[in-house]
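Next up: some structures, all given as structure tokens.
In what follows, subunit A forms one complex with subunit B and a second complex with subunit C.
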Partner chain A sequence: MILQILVNGILLGGFYALIGVGFSLVWGVTNIINLAHGAIALLGSYITYYMFQNLHIDPFITLPVSFIVLYIFGYLVQRYLMNMVVKAQIFMLLILTFGMEIFLVNFMTTFFSADFRSVTPDYAGKSIEIAGVVVPYIRLAVFAICMIVTAIMGFFLEKTWTGKAIRATSLDLEAAMMTGISPRKIYSITFALGSALAGLSGSLLSLTQAFSPNIAGGLTLRAFIVAILGGLGRVEGAFLGGLLLGVIETVSSFYIGESYKNAIAFGLMVFMLIVKPSGLLGRKYYAEVKH
Partner chain B sequence: MKRLMLTIFLALTIISGAYADDKIVFGAALSLTGKLAKEGNLVKDGYELWKEVVNKKGGINVGGKKYLVDIKYYDDESDPNRGAKLVEKLITEDKIKLILGPYGSESVFATSAITEKYGALMVQGGAAADKLYTRGFKNLFGIYTVATEYMDDILEMLKDKNPKPSTVAIVYSNDLFSTQVAQGAKSAAQKYGYNVVLFQDYPKGTQDLSTVIAQIKGKNPDIIIGCGHFQDTIVIVKQCKDYKVNPKALAFSVGPTLPDFVDSLKGDSENVFGSAQWTKSLKYKDPVFGSNTEFVKMFKAKYKEDPNYHSAGGAAAAVIFQRAIEKAGTFTDIAKIREALSNFNEETLFGKIKFDSTGKVVGKGMAVIQILNGTQVTVYPEAVAEGKMVYPKPAWK
Partner chain C sequence: MSVLLEVKNLNTGYGDLQILRNITMEVNEGEIVALLGSNGAGKSTFMRTLVGLNRAWSGEVIFNGIKLTNASSEKIVKSGISIVPEGRRLFAGMTVTENLYMGAFANRKNIHERIEKIFQIFPRLFERKDHLAGDLSGGEQQMVAIGRALMNEPKLLLIDEFSLGLAPAVVESLVKVVQDINKSGVSILIVEQDVQMVLEMSQRAYVMEVGTITISGKSSDLINDPKIKQAYLGI
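And then the complex of A and B:
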């Protein structure tokens, strides 16, 4: 039984990692705590839902669509909205993203209705059993995609020019500008990537559970915990934070009680903020308050 | 000039006074926007259809004279506190003392405190929490079977089926409503001689229930009862299949009755049981619409879609209010209308309605539906069953 619980936790953790990674990246690089992250993820869920429901396109094939659409969405939002106030106090940014959350949630409620939706392809619910441990295929696929995407993100940030520029901007804004990096552009790309990753996680979410515009806040909260646990701006950090959160949720719900799992997850976040505010893999400079 | 204005003012007063005299005006503060917008609007659809049908017949008959009906609406934006303020406005500014209930236990809880305070009356077909009726209120009447009796009929229905189920696992969301449903289900299960092997709560709005499902699997129960909300119901069905949990019956308090259930789960929704306040196929007579079947037909003609229990509850609450006014022979004497409601005993589209001294409906019972071939089929009470139930549930494909 405990093995099953652990496997469940790791599979769930993969999803948390993906929703956390974009959030953490945006926070770490641009210093924006994007309270609309969950709402943006849900846009991805709806893209998958409508493509599956109306065009009968396999939900996994819709992933690149949600990635691209939300990349563009994120780019435009940062370019024409966030960049206007990015130099203002952090409080202004919070208000702006909070406003965006409210706008998006109401937008979705108006146009997609407040009904709960879920995507259930024919192969949903199929699973393999290894030594008494059941592993559902869809969750395994979600987990694998999260791993791959996170690895690609890590590679992108380490090896490509744009990735290096993003890291440079997050480490030292002024030095980065001196070498010819345009922070406006980098901020836009980072936010676009964050949104695209949120969209991906939203698309995958539609496969494993029911969603409506009103769960946006809950998703943002998960992303928040993952980012704090793992350390801001670091892909590996979000990955570790996600897995940790998944395992902690399932194990604590088994040993202590399902109803306490939120309390434990938040307790852990507070504990982390006290003992190591930079997160498990956080380092100096990452997410230092710049204003 | 002054005189002219005075004349206009007086004229307006007289006109509006005359207007008020020829019409009986009801008030309702509903959630027309916000997270309960969908349910709020469905209840409103029920009220509107009732209004249309009654007015077509010439109105409500009070002491031999017929009065047309009007309803004044406000939007509480899904906020119970705002709802309470709006009901206060309805009573004090608009001078309306006949209040049709909002949707949702929290909203009814908050707004009925206002109607009670001002001696106005509320009949509601939109909330099922037991706590509404434990405050000693005299002016609130509700037609939803209360939470603690939600799963009673389903457990009674299954108790003598073959192969006989003996163990029940109950899982529930830890909000007030679901907890009450679960506690009611537990005592009903014990009453009917089942062995409750698991009684487990989980947090509201949870995104993963794999641990709970693993616990259920460990107990291998004959019946799984889920008391939660649409979102968790979907997760439970999906994860039961994921983890190959195969009970003889899978039943939920909320979820299967909503059309989105089949849309969301497709084939996996097959054979799942749900508890229903009301279904389209119930064969009750109704004093206004003629019968439940007629109500469904009229609703479809007006809104181009099938009614669900939200709209039926709204329409039935209004029908009951109307019948009480007709019996009392007055629409201004609240005490007399209240007495008519207390002694109410009539068949309506919602079922046979009687109220106990706290104002809650008694003996109405719940219908049971099962998803068969992608549609909701009423399988209980047997007298009005549309189809034969599938039991035991076949294993997941």
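And then the complex of A and C:
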């Protein structure tokens, strides 16, 4: 039984890692705590839901659509909204993203209603059993995609010019400007990537659980905890933080009770903030982001 | 000698506080020009304004015939101005090689040849190329800062307080490097507290006091100027 719970936790953790990567990246680079992250993820869920339900397209095929649409959405939001106030106090940015969250949740409620929806293709119930552990194919595929996308993000940040410019900007904004990096462009790309990753995780979420606009806040909170656990702006950190949160939530739900899982997740976050505020893999310089 | 950088009546500050008043100066092609002044005179503010980190309130900055007043730092770097900033400002969480690569962000041609050249100038950096910049000694960090600025193949190199906190032997070797960079055709505008050293290495100098240029002239003349001797050389 414990093995089954652990596997379930790891599979859930893969999803948390993906939703946390985008959130942590945006926070670490642009200093924006995006309270609309969960709502943006749900836009991805509804893109998949709409295409599956109305156009009969396999949900996995909708993933690139979700990624691209929300990349463009994120880019425009940063370019024409966030960049206007990016030098304002963090409190202003919080209010702005909070307002955006309320807007998006109400937008989705108006267009898709507050009813719970789910995406259930023909193969939804199929699973594989290894050593007594049952793993639904869909959850396995979702986990694999989360891992692959997280790895690609890590590669992108380490190896490409844009990725390095994003890291440089997060380490020292003015020094980045001195090398000819345009913070406006980097902020727009970063927020676009964060939104695209949120959208992708939302699309994958629609395959594993029922969703409604009202779960947006819960998703943002999960992303927040993952970012704190792992360390800001670090893909490996979000990966570890996601897995840790997934396993702890699943194990505590089983042994202590479903209703305690939020308390335990937040307890874990507070514990991390006390003992290692920079997160599992966050280094000192990530806690000293200069803006 | 043609003028490379021309600054006319530059005024700027922070908030309501004016720091620079009617700064007019120039750097000719192939020159090393020193900017002297005590702490708080406005030298670093001037350098920051030249690279687009601080907005000019009025006045003009013309570089290589192009007006760069309040241009984006992206455009300024692309046009051929690089800076070795005060405090080095390296990307501490990136390796030496990555820091050098970032210096070529605006100008990516022949990047491998350029990085080889930097390693020839600073063989120590080749030995430390995979180390995080934040883990290096002060002297090594300054080498990375100079190397990063050179990766842009600038026509004008701005150097802000490069000897600060470094051992005299390290400073001596870096002075030699700066002189070699200048001989290769790069003009240099240098801000430095070590007045004796910088007057010896430069052709011309400006003295800034409370945001205004008060003295300017040939470095060889200024080094014998009684006012400079008294105010900055303690003689």
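Convention: the second predicted complex is superposed on the first by the 286 of 291 C-alpha atoms of A that agree within 3 Å, B and C clash if a C-alpha of one lies under 4 Å from a C-alpha of the other, contacts with A are read in each partner's own complex, and residues count from 1 in each chain.
Going forward, contacts are C-beta pairs under 8 Å (C-beta built on N, C-alpha and C of every residue); 3 or more make two chains touch, one makes a residue touch a chain.
Please read all numbers here as calculations on a predicted model, not as lab measurements.
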item: Fit-or-clash call for subunit B and subunit C when the two complexes are aligned on subunit A; value: fit
item: Touched partner set for A:Pro136, first subunit B, second subunit C, both or neither; value: first
item: Partner chain in contact with A:Gln89 - subunit B first, subunit C second, else both or neither; value: neither
item: First (subunit B), second (subunit C), both or neither touched by A:Gly180; value: second
item: In the superposition, subunit B vs subunit C on subunit A residues touched; value: B
item: First (subunit B), second (subunit C), both or neither touched by A:Thr160; value: neither
item: Inter-chain angle, subunit B to subunit C through the CA centre of subunit A, in degrees rounded to a multiple of 10; value: 150
item: First (subunit B), second (subunit C), both or neither touched by A:Asp172; value: second
item: Minimum Cα separation, subunit C to subunit B, after superposition on A (Å); value: 36
item: Common interface residues of subunit A - those touching subunit B in one complex and subunit C in the other; value: none
item: Interface residues, subunit B side, partner subunit A - complex; value: 35-38, 174, 200-203, 205-212, 214-215, 218, 230-231, 233-235, 238-239, 241-244, 260, 263-268, 396
item: Residue numbers on subunit C that touch subunit A, as the complex places them; value: 51-53, 72-74, 76-78, 82-83, 85, 89-94, 98, 101-103, 105-108, 134, 148, 152
item: Touching residues on subunit A, where the partner in the complex is subunit C; value: 161, 164-165, 167-168, 171-172, 174-182, 283, 285-286
item: Subunit B partner contacts - residues on subunit A that touch it in the complex; value: 1, 4-5, 8, 11-12, 53, 109, 113-118, 120, 122, 124-125, 127, 129, 134, 136, 138-139, 205, 208-212, 214-215, 218, 222, 249-250, 253-254, 257-259, 261-262
